[in-house]
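Shown below is the structure under consideration.
Here the chain labels run A, B, C and D in written order, and each chain numbers its own residues starting at 1.
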Amino acid sequence: MIAPLAAVDLARRVAADIPDGSYANLGIGLPTLVADVVGPDKEIVYHSENGILGMGPAPAPGTGDPELINAGKQPVTLLPGGAFFHHTDAFMMMRGGHIDVTVLGAFQVSERGDLANWITDVATMPPAVGGAMDLAVGAQRVLVMTTHVTREGRPKLLPRCSFPLTAAGVVDRVYTDLAVLDVTPEGFVVLEMAPGLTAVELQGLTAARLSFADELGVLPTG
Amino acid sequence: MIAPLAAVDLARRVAADIPDGSYANLGIGLPTLVADVVGPDKEIVYHSENGILGMGPAPAPGTGDPELINAGKQPVTLLPGGAFFHHTDAFMMMRGGHIDVTVLGAFQVSERGDLANWITDVATMPPAVGGAMDLAVGAQRVLVMTTHVTREGRPKLLPRCSFPLTAAGVVDRVYTDLAVLDVTPEGFVVLEMAPGLTAVELQGLTAARLSFADELGVLPTG
Amino acid sequence: MIDKRVATLADAVAGIGDEATVLIGGFGDSGVPVELVHALLDQGARDLTVVTNNAGSGERDVAALIRERRVRKIVCSYPRSAGSIWFEELWRAGEIELELVPQGTLSERMRAAGAGLGGFFTPTGADTLLAEGKEVRVLGGRRQVFEEPLPGDVALVKAHRADRWGNLVYRTAARNFGPTMATAAALTVVQVEEFVELGELDPEAVVTPGIYVDRVVAVRAP
Amino acid sequence: MIDKRVATLADAVAGIGDEATVLIGGFGDSGVPVELVHALLDQGARDLTVVTNNAGSGERDVAALIRERRVRKIVCSYPRSAGSIWFEELWRAGEIELELVPQGTLSERMRAAGAGLGGFFTPTGADTLLAEGKEVRVLGGRRQVFEEPLPGDVALVKAHRADRWGNLVYRTAARNFGPTMATAAALTVVQVEEFVELGELDPEAVVTPGIYVDRVVAVRAP
């Protein structure tokens, strides 16, 4: 029986790969969990595309500045050492390769590292991209954090993305609730799998052809 | 007998054409005289390409900040309301058309408004351009302040410049020690002349063909 | 004498014409010049092109402009958010044109207008739907898209404090697009929470120098 | 734990390699990181490409680097000034290469590197010697020159104060090229007059956020 990782366990696994001293931008949704589980031994400077470095956690209810929000439009705080700057400067950090690592959600990732995370239905919903393309193209390291398959059970890791791309060839590593995979010139290489999962089972839930590292790790839970 | 204007009179004449409330950049050399003769009835904000708006006069001897200098590397002060910014932002003001008026020196000006004011001898001296091209191209109004002829008596106002250009077709008006001339699609049009000078004499000192305004003014002196 | 302060919101938006391109600051509900937008609504200009990050929410500011059929076209990165019902309704009805631009490119295009550039190449958007019809060139080993400057006829910006020269400081993440939009418009109109005397703002900490500002109106914080 | 402070000038310039491209701040004698340049002189790297506005003066800083035959090429806007004798001597002897760039283009090219752009078009320099061999295109009705980004391996910058995250503030016109160069180099090394505690710098007034800074050394004002 397949036991996918809980979101918090997945967040912990991602957090373990973010080095102390990193400048990081966490995408909206699932990736924001990562900040909550980074240990106190690491000092990580969080960037927000609306002009913040050194972003801290949400303020206590009823306190805080209503205009001090993150990219997801949620209230946040500023840590000592933080700074404010304007939008063009904020995106200069992203586009100029100054953000060490970003963690993004995804609809689809291809074995070439193509990322699709901004739109699925071009016809009936107005498209909206925000800073997704800037971040995917500009960050030094692009980590994707996602469920391994869609709610309907369809694979998200594909030979090619069928949804419109956010950026081509940018994803470095994918963290799903079933596995950790590197994107390499030879396609996806599985580094770790959820406890109890077999290679055959994982391949069965993945449209792209998988390779497996010689020493396969087990994704930690609980 | 031809009596060229004194530099201070020329500066006064230029100053009279700079409207109250202007953002102005004065080139190195002769043009800096203009700031000294602007009347107290006008508030003009001086820009310096090394990152200053609201530049004030030189500090009293022995006072001032040695790093607070103007584009000519002379010590200056900052007026209340002034601001500091970095070089790229300073040139954004120049190149983006935000400087209302600049006053520049010139080696040569052509009847098409081409300006040559950065280099005369390409072979034996290392070339140096500074911000001359940025300013000539970017300022809303480019005023040239110069002697009418060179020290050797050669014309500076020409059908075409023989020295390397700073920028093509940018000069709006030329103030010399003999005349004020507009650059128009039909070439130089003389608006004012020094007292006692005749049109024939002025044309004799000018290589470009001159037109004359219907109501010719007299350049004020003293 | 320079005094950019105007007495009323109506004075602040006077003269904005039909078919104007209006840059409107703000990211979500942070830094939106709400009162200026409502003044523009009262003022009556129509067939506007609005450049702003989001398409408004609920019934106020940009959403109200859209609801009143005053916006012919919107240029933005993220029109779809909780409560952007008016935009979605008109978009579905084909009554509003949408130009979707990656957020960093949106900001950089306005900066290019402010800096007098003819355009730039960026990797953001290459190989995506948003680069369709655009020139793509390989530069520095990456596929890059040519993007044009995006100037405004008018910018509506919210800042925190201003002096009579129009120098501005902002507050926290409300800064966002304001400083860039101020550089990119022919007429920059700013609402601030309070006026201060000339010289009260720290010249090292002025964010938008007054050269970019045309009119400032005080609107008390609600 | 992030701590970018280093103890000595030697630590600050450690590891700079032969043939490095070194961006050096300063305009005239304002904002020059004199002690860092002398540390680089002691450190020994050679065949350098130096990007800096002026070519040094007298026997110190950039002039000393040139005198010691450590600079293969200089990229600048204004190499010729009173006292730039070493540059002029080597230039005449053909022992140093000069790439002359208009000052605003120099700064904008470094910003483009920092912002991850592939290049930009500017009217500055069109129809002049400095556009020879460059692509020219008519954009917005003006002839514009294509300019490439100008990145550095190292930037040497002088600022006023820093905290352990590397956040910087500058003093008056000494700011000049520092903030832009800090964004454009792989390794940014800063000398400051004093360190302050994290949180002491006003987050609204930080000029260079620490994300751009790698090493900071304190050098007392002389």
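Rule of thumb we're sticking to: a residue touches a chain if its C-beta (ideal position, glycine included) is under 8 Å from a C-beta of that chain, and two chains touch if they have at least 3 such contacts.
Note that the structure is predicted; figures quoted are calculated from it, not measured.
Remark: among chain pairs B-D and A-D, B-D carries the greater number of C-beta contacts.
Averaged Cα coordinates give chain C a centre that lies 33 Å from the centre of chain D.
Chain centres here are Cα averages; for chain B and chain D they lie 30 Å apart.
Centre-to-centre, using mean CA coordinates, chain A is 35 Å away from chain D. For the pair chain A and chain B, the distance between C-alpha centroids works out to 56 Å. Among all residues of chain C, those that touch two or more other chains are 108, 115-117, 122-123, 170-172, 204, 207. Counting only residues that touch two or more partner chains, chain A has 78, 84-85, 95, 137-138.
If each chain is drawn as a node and touching chains are joined, the picture fits none of the line, ring, star or complete shapes.
Chains touching one another form the pairs A-C, A-D, B-C, B-D, C-D.
Listing the residues of chain D that touch chain C in their complex gives 108, 112, 115-123, 137, 139-140, 142, 144, 148-149, 169-172, 202, 204-205, 207. Looking at the complex, you find that chain A touches chain D at residues 20-21, 23, 43, 45, 47, 53-54, 78, 80-85, 92-93, 95-99, 137-138. Only residues 48-52, 65-69, 73, 78, 84-88, 91, 94-95, 119, 122, 124-134, 137-138, 164-168 of chain B touch chain D when the two sit together in their complex. Of all the residues in chain C, the ones that touch chain B in their complex are 1-2, 113-117, 163-165, 167, 183, 198-199, 201, 203-204, 206, 209-212.
By the touch criterion given at the top, residues 27-31, 55, 77-81, 87-88, 91-92, 98, 100-105, 107-108, 110-111, 122-130, 143, 170-180, 207 of chain C touch chain A in their complex.
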